[in-house]
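Here is the structure we will look at.
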Amino acid sequence: MAGVRGVGRKPHPELGQSVTGHHLCHHRHLYQESRRGRVGLTRGKRSADGRMRIGKEADMDRERSGSDDVHGEVERAQHEKPWQRYLEAELGLRHYWYPALFSHELQEGETRPETILGERLFFKRIDGRVYCVEDRCLHRGVPFSVRPECYTKHTLTCWFHGFTYDWRDGKLVEILSEADSALLGKVGLHAYPTFEKHQVIFVWIGDGEPADIREDTQPRFWDEHLVTHPVVRYKIKCNWRVAAENGFDAAHIYGHRHWIGMQQSGRIRPFGTYPSRQDIVQVLTEDGKPKGIVKQDDIHVYARQIEGQEVRVPLWPKDAPAVVQTEPRAGWVGCYLPCGLQVEGFPKPGKVHFEWYVPVDEDHHYYVILHAGYARSEEERQAFYAEAEPLAKLIWQEPGAKPEGFNNFDAFARKWSHHAYAREDWWHRERLFKPDYIITQWRMVVSKHARSIQRRGNCAPMEVDEGLS
Amino acid sequence: MAGVRGVGRKPHPELGQSVTGHHLCHHRHLYQESRRGRVGLTRGKRSADGRMRIGKEADMDRERSGSDDVHGEVERAQHEKPWQRYLEAELGLRHYWYPALFSHELQEGETRPETILGERLFFKRIDGRVYCVEDRCLHRGVPFSVRPECYTKHTLTCWFHGFTYDWRDGKLVEILSEADSALLGKVGLHAYPTFEKHQVIFVWIGDGEPADIREDTQPRFWDEHLVTHPVVRYKIKCNWRVAAENGFDAAHIYGHRHWIGMQQSGRIRPFGTYPSRQDIVQVLTEDGKPKGIVKQDDIHVYARQIEGQEVRVPLWPKDAPAVVQTEPRAGWVGCYLPCGLQVEGFPKPGKVHFEWYVPVDEDHHYYVILHAGYARSEEERQAFYAEAEPLAKLIWQEPGAKPEGFNNFDAFARKWSHHAYAREDWWHRERLFKPDYIITQWRMVVSKHARSIQRRGNCAPMEVDEGLS
Amino acid sequence: MAGVRGVGRKPHPELGQSVTGHHLCHHRHLYQESRRGRVGLTRGKRSADGRMRIGKEADMDRERSGSDDVHGEVERAQHEKPWQRYLEAELGLRHYWYPALFSHELQEGETRPETILGERLFFKRIDGRVYCVEDRCLHRGVPFSVRPECYTKHTLTCWFHGFTYDWRDGKLVEILSEADSALLGKVGLHAYPTFEKHQVIFVWIGDGEPADIREDTQPRFWDEHLVTHPVVRYKIKCNWRVAAENGFDAAHIYGHRHWIGMQQSGRIRPFGTYPSRQDIVQVLTEDGKPKGIVKQDDIHVYARQIEGQEVRVPLWPKDAPAVVQTEPRAGWVGCYLPCGLQVEGFPKPGKVHFEWYVPVDEDHHYYVILHAGYARSEEERQAFYAEAEPLAKLIWQEPGAKPEGFNNFDAFARKWSHHAYAREDWWHRERLFKPDYIITQWRMVVSKHARSIQRRGNCAPMEVDEGLS
């Protein structure tokens, strides 16, 4: 597992992987490492069942002393904003693979339109394979999808004048209303490469030869014996970057505290949890591997004082310390270009939670959640599927349903975060705090490593009322 | 019938008119005539009942040989875009007559507001005559129409402060809330000239003396013995130019192929039909006459091959040729400035179909359809009216009703064409094909002959939610 | 009552106040006084019951002679537009007190968001006092109000990451998800000063120390023994300036003529009424006092001729003159910065009608109506409240209810006036008339005396569909 920065990783108990290399980052001035701030802190220990046992209370006051590099870095970064390209990436990153649909959303012979990164796409499954072309006739610009016509297996005919295209390469192969058109074979639609795995249909938004999809997906997506269960694909009015930052956000577990799953699991989760040290935030920049950030939270905050009154996580023992510092968590959370998150051990140990924030346009993203686990035999596979449905319900419920799934809060948080960023210049007015350190790192890795920024080109997404008089 | 370009016209069987002149166009480089491409083609013959009898199959491959001037012209034109003024005419052409209402929509004493070319108009019928003024008080800009007050026959009083105008000339004749205002007689509303004929109320959108309305209407509108039946006036979210091009579009008959009227009439219509030669497209530019384009389609496409599989018009005999070239059709389709279409012999021989694409604003037009025929006696008039209602149903049904009328497809096509042109720069990205030759000619005649382009001036159309809190 | 310009004021019968001073305006070129136009006019006399008794018909023709300074001034002003700052005040005047809520809308412990002058505010009542902070977390910009959390009496905690603020000064006092944040005490929300009186909660929109609220409220609001009854707070799609001008509008009583209260009171009101002389329009500019305009209408128009036909106020006696000039009304109507109106003797003698046009954003204002009277004893107070409810119904009814309240017409008029001003450049195209003289004066006093103009800064109002996917 070369290419990670920071401290050596522990092997994953279930998968037997181990960290064997250590990639030296060449832009140290941005991601300077430090061990300061760790000295003298008492840490909790992780027991076999994954629950944290408290040693003794950490004197967290020291944490924000002059030697607090993380806080200082956040202050510096939000002042200097060394993430200019990220600010321009309103519409997403170009030349990447994106999850567009779940496999079950496109049955054999079915067609389906979607807008991704502002581009109008049209999908069809033919003989099991998924094809995708621009959903816009090159003649008069109409969407095929409002009245799709397919005379033969591999062709798509426009309902207006009969321009007929090959799904496989987008080429114009016939025009039903003209005799032997001189245009045949000379022009075509943009055809989008697709890839399907683990019940997810990916599409390449970019020009030229697509990159290796392994570079554009979360690492565990390629784990041996992985089995998956699609949870939801849900459109949210929120820019994809605000969504990604929310997904990866260290401290927003505060907002999740009412989640019924917390009560059910018996695990007591803190108000906030975040990395105290820069060196347990790993910046992934190795060539040929997914780029992104992996963090390990070691600070866990269980109680604070407000107006002299203690505000304490319910059920957190009265005599337990307010703040606990642990060894960096073995369970990882990573955020990967272009827009994917991977959470290990969620919603329970041995599972992997994948999610994506797929840009639709400047104001919307698709929130895509895929639940995964491991199965080495048919029996294990059956067990996985039997458990997947109830676990999926813990993760997501139709908005409005009670009790909510875990990630319903995230959908809520995003839709209410969008306004300030989109319309009140919040990219320049936000006031970040120490737990946002990983977010500043994320912005920088995107700025530095994104292949390309999607520009509002010749595509305009359909509006909700489009096609109505 | 001077002023037409191209081949001589055949007399209209019912009306006995004949083409007597031939107007020489002075911009030959744009509309260069050619007879090439006709040589050696076998043509069908039109029988007495108007149905085409096939001679033998045309070798259409030759049609797109190096000598295909029509295709070349379309390629050249869409590259050079010699129709700049047309591109600027988003809001319509100024200094023209437009059909605003059907007569039955404005009964004696009634008032009615409409927005045309972005201007807010207010109509009233007084003693049978139709008057029209700006629907905007010159004082505080409110629309009269939300609470019209008419104290006397010829006046309109604003509900706000009692400014009182004469419907006939717009002049401010009294103010009920001021004693002997110094403004009386000095200021006034814009008063729009109107004209009513054949159950259509026209309004002059322009300044100064209106043009002769005969110049701004389709020629057969003035035919002797014409009788008419209003079909529909329907607002569509689509720019008027996209609408006009759709109405006049040669090859889009492909999209109409499911029309029930085709099956009922027993006529087999091709997938596409268009003029093969520039000289059967007539550019009307004579002074004092309607300007526009008249086309005669001679190519008819009944079958094509897709992926080696024949796609054939249903009921088209197996042994009949895939493509037929006929004599140019005696029935004419013409598109006229500012925005009118005339189709002879539709929906059946002996009838005339008029339609207009009246600009409302940049994103909407009114689709106005008028069915017409001829009657020389009261008996014939009765016959016309008896037949008009069922024929109107073949032409248009309330959207959603099944089976659809013929022109419902056009409304559908337009609303789905608008997006690319309005928001995706399709005016510069469209890929026209040979049957669009007549559309390139239309754009050029508008660019060259339009009296004026309507500019977004001091009028803004009311939005749907206007006046709601 | 120093600081008024123009003729000396009569004492208010009930309150015994009298005009003791006369402020000399230093910009005489703008507000030049004149007595011309008064000579030789017969005036009505005000009887004890407040109804006007007619003397003899005024020869109003003279009124618009060359010596009509008021008309001339309106013509000049609308040509030169000496109110540039007013034109820029789309979003309201900054550094002023505004009525935000009625007291009963915010019970003890309740929270409530409002948008005023484009700023997102959040109110809470704690121990009877009203506090107000920005409704936007300084961290990620989310509104607190969608999920308010208050752990202790004086604090507000953000639902996202637990940033905790003091309602009293906006300071960040704790962060629940971080251990001992270095940000505590260093940053905070904007905290808005509030003031509550007569069942109205005011908020200071501005920076620095708020002005004395007496300068920003209508003078009678501070009268001894005043008792009040909130009538309505209603959001209208109309810019606040258009609303204020409508409220103060001299001649628009024409539109109110169908009001049932007119019939009930037995008072016959004219079609229009306005000041004939500049010197009965008072421009209030004295330091430390409310700025604004007070007008006294002396011209009353009861009948005009349209197309030779007399249009007469119903019930106005046939032999009574069409136009009556009276002594300037003792009852005053005043319009005060930032956006308040005061009408004495409405809806009946002895009452005071307050209203405000509080800017929400460029396209909306809150119409706030407060009914008031006087009570020196508990008995009089009871009497006031007993009468207030039925009087309030005369003033305002839920839109749609019949018969309408008096001010429902104003809401109607405003919503239909907004379009032309907002989208058709009506600020530069309007055609004012003589009764608008007071409006030109209002515009000038705002332009000259407004402390500051609100600019679209870093706040954007939530849209109706905000937070929906």
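As written, the chain order gives the labels A, B and C, with residue 1 at the start of each chain.
Rule of thumb we're sticking to: a contact is a pair of C-beta atoms (placed from the backbone, for glycine too) under 8 Å apart; a residue touches a chain by one contact, two chains touch by 3 or more.
Keep in mind it's a predicted model, so treat the numbers as computed, not measured.
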item: Copies chain B and chain C touch via same or different residues, half shared test; value: different
item: Chain A on chain C, rotation in degrees - Cα superposition, rounded to nearest 5; value: 120
item: Inter-chain centre distance, chain B versus chain C - centres from mean C-alpha coordinates, in Å; value: 51
item: Chain B residues counted as touching two or more neighbouring chains; value: none
item: Parts of chain A lying in touch with chain B, wherever the complex brings them together; value: 136, 138-143, 146-147, 151-155, 157, 159-164, 173-183, 187, 458-460, 462, 466-469
item: Of chain A, residues touching chain C in the complex; value: 58, 60-61, 63-64, 68, 71, 234-237, 249, 251-255, 270-274, 299, 301, 304-307, 309, 311, 322-323, 364, 412-413, 415-417, 419-421, 423-426, 429-435
